[in-house]
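Supplied in structure tokens, the structure appears directly below.
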Amino acid sequence: MSEDPVIELRGASKRFRSGSGGVHTAVRDLTMTVARGEFVAVVGPTGCGKSTTLSLVSGLEPPSDGEALVAGRPVDGIPDGIGYMFQNDAVLPWRSVLDNVAAGPRYRGEAKAAAREKARDWVARVGLGGFESYYPHQLSGGMRKRVALAQTLVNEPSILLMDEPFSALDVQTRALMQDELLRLWSGSNAAVIFVTHDLEEAIALADRVLVMTAGPATVKASFDVPLARPRDVEEIRLTAEFLEIYREIWESLKEEVEETRARGAGRVA
Amino acid sequence: MSEDPVIELRGASKRFRSGSGGVHTAVRDLTMTVARGEFVAVVGPTGCGKSTTLSLVSGLEPPSDGEALVAGRPVDGIPDGIGYMFQNDAVLPWRSVLDNVAAGPRYRGEAKAAAREKARDWVARVGLGGFESYYPHQLSGGMRKRVALAQTLVNEPSILLMDEPFSALDVQTRALMQDELLRLWSGSNAAVIFVTHDLEEAIALADRVLVMTAGPATVKASFDVPLARPRDVEEIRLTAEFLEIYREIWESLKEEVEETRARGAGRVA
Amino acid sequence: RDSRDTGSGASTDVKIMVGGIDKVIYLPAKLTEQLGYFKDQGLNVQLLTEPAGATAENTLISGDVQGVVGFYDHTIDLQTKGKCITSVVQFADVPGEVEVVGAAQADKIKSPADFKGRKLGFTSPGSSTDFLTQYLATKNGVATTEYTGVKAGAGQTFVAALDQGGIDAGMTTDPTVAQLVSTGKGKVLVDMRTVEGTKAALGGLYPASSLYMDCKYVNDHKDVVQKLANAFVKTLGFVNSHSAEEIAAKMPADFANGGKELYAKSINDTKPMFNRDGKMKAEGARNVLDVLSQFSPNVKGRKDSVDLAKTYTTEFADKAAG
Amino acid sequence: MRGEPDVSPEASAVLAAPAPVRAPVSVASAVRRRRMKIWSIRLALVVLWLGSWEVSATYWIDPFFYSKPSSVWQRLVDWFSSGTSQGSIWEQMSVTLQEAAAGFVLGALAGVVLGILLGRSHLLSDICAPFIKAANAVPRIVLAALFVLWFGLGMSSKIATAFVLVFFAVFFNAFQGAREVDRNLVNNARILGASRFQVLTTIVVPSATSWILASLHSAFGFALIGAVVGEFTGADRGLGLLIDRSRSTFDSAGIYAGMIVITVIALLAEWLITALEKRLLKWRPPAASAEAQI
Amino acid sequence: MRGEPDVSPEASAVLAAPAPVRAPVSVASAVRRRRMKIWSIRLALVVLWLGSWEVSATYWIDPFFYSKPSSVWQRLVDWFSSGTSQGSIWEQMSVTLQEAAAGFVLGALAGVVLGILLGRSHLLSDICAPFIKAANAVPRIVLAALFVLWFGLGMSSKIATAFVLVFFAVFFNAFQGAREVDRNLVNNARILGASRFQVLTTIVVPSATSWILASLHSAFGFALIGAVVGEFTGADRGLGLLIDRSRSTFDSAGIYAGMIVITVIALLAEWLITALEKRLLKWRPPAASAEAQI
């Protein structure tokens, strides 16, 4: 695992116009780096600014202040080799499952047949073999998520941003996808930022877990996960080491979540 | 807890036209009942037909075969007193958070001021106090889910259908919402069908957990959860009773999930 | 439909539709207003305009207007459709139309006998210009199927059509004729603005420009019609006793927007067509019927059933002159 | 079980066994019954309308203005059996149809291309918007007259008139359609590696398709109107001229007959466009749940 | 911390302290710069166009047909300083504007109401669709002539012509807009207790708003055209008559001047509609990320 930062945010902030016309700061003074081949999980209270952070890295939104760098260069436009699985549905409703997954390779200039062959392989890997000709509206929520996953992974990105990719899946399918993700990643030297609400998932997958503060988001703490790889996601959860890290991160996260809850529920009697 | 079935499905099936023009059976010969005041959790492999089942009960889709009854009468149109929180986003993009939550009472003829007052209370209960004037596109994924939750609960439904309502929330917010849901429900005598992928959540909340088969869905097994109420969701998970039930259900569910996985991944080498 | 009644509220209120208020052949309409002769008669006349002849008659029949300034031959046409329309003041005994040939074709088309295989323009199919063209052609031995009739409209589109070869020759009125001749784009082939010219071309008179009204209205409002006739006959007198420049000066300025000299020239060229007394010549009316009965689909074969006496009256013009 | 789960074994059984096939069959027959019903209502409406027209034209209103169905029918029979005074009716129809079709194709293409380009480029649209809106406000009959000056009396001036009418109808929809594209989809495509041009062709165009198709529904009608207006301004053949002739000869039956011929052509074109729409939008969830469910 | 989280303490600080306020200010100035740029490009285009017109009309093309900007300007000055032969230019404008506005309002209302009703009712739309499409194919100038018969020569026949033009433009969009409504939203509203009518007013209408607004952009132009066409068919006042007069007196400067006056009116109306659009669609994510971000 080399140590040159592929992804770097330097004092990045992001402000939006708020509902009532004021200013809403979603991310404030955020500094973080992700090295080549590093798998970083991000956890934080809901609504704190995790998705916004990813959008800064992906180049879809420019930071209001500070800098976002990818591969050492300031982000303007979409950096090369990036893959981003959005939190909400973004599959093309007018394309079948197969053509949705084949979209990336086609965009990158591959021939139709080759792209479809690749896509067919990935559709099967996410467990949708047989559904190739379905349109998104004919799929269940979890199935659509998996189409998006295949769509992202088929491009073999060197930087992978994932926003709660597995939240709509049942436990076992989720485990299967996690294994698939780790398998792909381990051979690829890709940098991964993985947003999740499932702390176990974060620890099981990542080299490092970042805890975000209550919104506006900034990095509160960073925890290394010194578990050996390759990991068996199912097994690892029962080890003492795992539970130790879990408790540690949970303590840190809990404060922020409580802070958020205190604010949001401020009105409840 | 009385025993007259409020919700009843009798040999219900649902077929769709499939992607390639064939027939896709989402639900087959499904029989289940939910009594007044009963809280039923439904678990099953992703894509098996859980959401479809809820749509049959809600009257949004008629069964292809068999019958759906609510309060003893066959469902045609939306039954009275029903609340349904969809799996995917369905908040009105052109209304602020407050007006989204006030929609239900307004539809049911309440005065604007009263509806808003109620809505304001519920917005705070789901932890969104202060975001009343935001439009949905200005919210995070988890926040939108909570708007939908408030929108459903503010109507105080006597039949409550929830499709993975808490999947986008962090653990603590989720626990908070679960408590809130139980508090509301316990005073209401409402019948609840709660779809989730989180078996712990299912057991912690429900009187009964239904395990669905791999698609086409039908009820594989029903497990009573004899844990005492009121329950503290956080505490209960550590009891031996809980773990026992968990294991039992997990065994049953696992087979179905594996069956699904075997089918979907049929193509992977 | 209530708008219909408002016009005839007071019996001195008269609406007149002009089939092209800026056409020189219909000049007496606007000129009378400009000279104030309607007011002198105690009439409150509102002039409306409309480019296509048929719509004008339709509004007359439907009662939206009380009079139309247009071609006399429509009264015959309409009689075959069971409508009684009568010309009360006849401005001219000749059509005022001119067959103009494009400069490029001027040496090849020397008379209507050369129409064979040509594209001939008229204002509108089924209009008087169409019938007159057919008459000219057949009279000179060219069957109507041997040339192509083209709708070329009037004004600029006509000029452009002739200029660009869309038509080889065409029938139109002033100021289009003056425009074409003065710019050298066209040459007059058949001039029906004078009695001599018309007789030479058609073998008789062809009364056209006139004020006609619904028979029933004429009967019910003889006083109003008389006043109208008085005004128009007076205007005809003015036209006949003044120079083109003097007449042009009386017209609204923007009628001469295309050029002052041009406008004066058009009036000068067309002026001879107007008669002095506003009376229909019986011979002219018969001639019109003759032409129509050959070419108008409505009149064809019904010549004998047409009662010419109902299509015009000199009663009012007689009184006005006297 | 390769490629099987889409049609589960049970479903295949349903399709194979005779008895349960009843479901799809009964759907088909329900669809047929519905179609029957719709057609009979339509027919009833037409009959009612024609009947009341005939009766009132016979007893109350003046057929000089309003004609009546029987005379209109007579005129149509005349035209189709013995031709019109301008020659065969088929020729008139083909002339007008050619003009309209050419104007339609060119106008729709230009409208779609410009609409989408301007819809996606804020600078371009900010600059051009007022000009296009201004151009849209220019009365088409004035334009028709100008086109005769510019393009002569031939077909091209009619095509130009049809073009202008179609262009604006399509342009505004294509423009808005291109603006309404879901940002998520565009972002996703960009992340997946789509170039600006690919985003345009694979995301924007399909998203705007329903907008564009909506405008095409009325556009062919506009194209026909353009051709007719052009013919009114100056022509030697065509349906517009036929109507104009009827007008000048006080032949109201001819006017209505001409309008009916045009309408029938428009309906045929419409039917083609609807077929195209069905093909292009087959990815959609069917609107009526009756269709989705078997 | 009641009602605070929306503007977090930091953000309020940003707004209060003078230095960091720089950000919003520079956005405002960027917006101003952009607007300047756009206006100057527009101006340059207009100047270029008028210039080349003037030059070519002076040296190459025939100003008899094409007029030239200086004469058009002269004509406009004439009209506004000394009036027209039909009376003051303001009166002509007000007549045409009244006709257009009345036709616009009525046509838009009818189009929206019918479009949405038919868009939501499959039976109704199946029955009526062919009739509406047929009606849409009827040439408007023929209709204008018929309207004179039906409604007389007054304003009402012009309003009717404007109405017809506006109605169809709006109808087809409202119809499609009503069909495109997200089923999820409708389902959710029904579950929340909305009656059919409430679904219509709270879900369908807002969803279709962008469709309807898109059609309104071109509709006022159509209304003006309708009024002008109506005036062509028979009138004693109005801008259409002014143009018609210019046409038959070979005053091409007058034709263009009339067109310019109409265009300016249309642009003013357009500006009003855009303002309305901004108000109605303020819930949208801003299209340019430049606006969203501060």
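Lettered A, B, C, D and E in written order, each chain numbered from 1.
Here, contacts are C-beta pairs under 8 Å (C-beta built on N, C-alpha and C of every residue); 3 or more make two chains touch, one makes a residue touch a chain.
For clarity, every value in this text was computed on a predicted model and none was experimentally measured.
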Would you mind telling me which chain pair, C-D or A-D, is linked by more contacting C-beta pairs? C-D
I want to confirm something about chain D and chain E. Since they are copies of the same sequence, is their interface symmetric in residue numbering (over half shared, so same) or not (under half, so different)? same
In terms of mean CA position, the chain most removed from chain A is C
Determine the centre-to-centre distance between chain A and chain B, using the mean Cα coordinates as centres, and give it in whole Å. 26
Here the gap between chain B and chain E, centre to centre from mean Cα coordinates and rounded to Å, is 47
Mean-CA-position distance for chain E and chain A (Å): 45
Taking each chain's centre as the mean of its CA atoms, how far is chain D from chain E in angstrom? 22
Per-residue overlap in chain A, given as positions that touch at least 2 other chains: 16, 18-20, 24, 88-89, 96, 129-135, 263-264, 266-267
Can you list every residue of chain D that touches 2 or more other chains, as numbers and ranges? 1-6, 65, 145, 149, 232, 247, 285
Touching two or more other chains, which residues of chain C qualify? 52, 55, 58, 62, 156, 160
List the residues on chain E that touch chain B in their complex, please. 1-6, 184-185, 187-195, 198, 202-203, 206, 209, 281, 283-285
Chain E - residues contacting chain C, complex: 64-65, 75, 84-85, 145, 148-156, 232-236, 241, 244-254
Which chain E residues qualify as touching chain D in the complex? 38, 41-42, 45, 65-66, 122-123, 126-127, 130-131, 133-134, 136-142, 145, 149, 168-169, 172-173, 175-176, 179-180, 183, 210-211, 213-215, 217-218, 220-221, 224-225, 228-229, 232, 240, 243, 247, 255, 258-259, 262-263, 265-267, 270, 285, 287-288
In the complex with chain E, residue positions of chain C that touch it: 1, 3-4, 6, 15, 17, 20-23, 46-52, 55-56, 58-59, 62, 64-65, 154-156, 159-160, 175-176, 179, 183, 252-259, 262-263
Tell me, which parts of chain B touch chain A in their complex? 16, 18-20, 24, 43-51, 87-89, 96-97, 120-121, 123-135, 138-143, 146, 163-164, 167-174, 176, 197-199, 253-254, 257-258, 260-261, 263-268
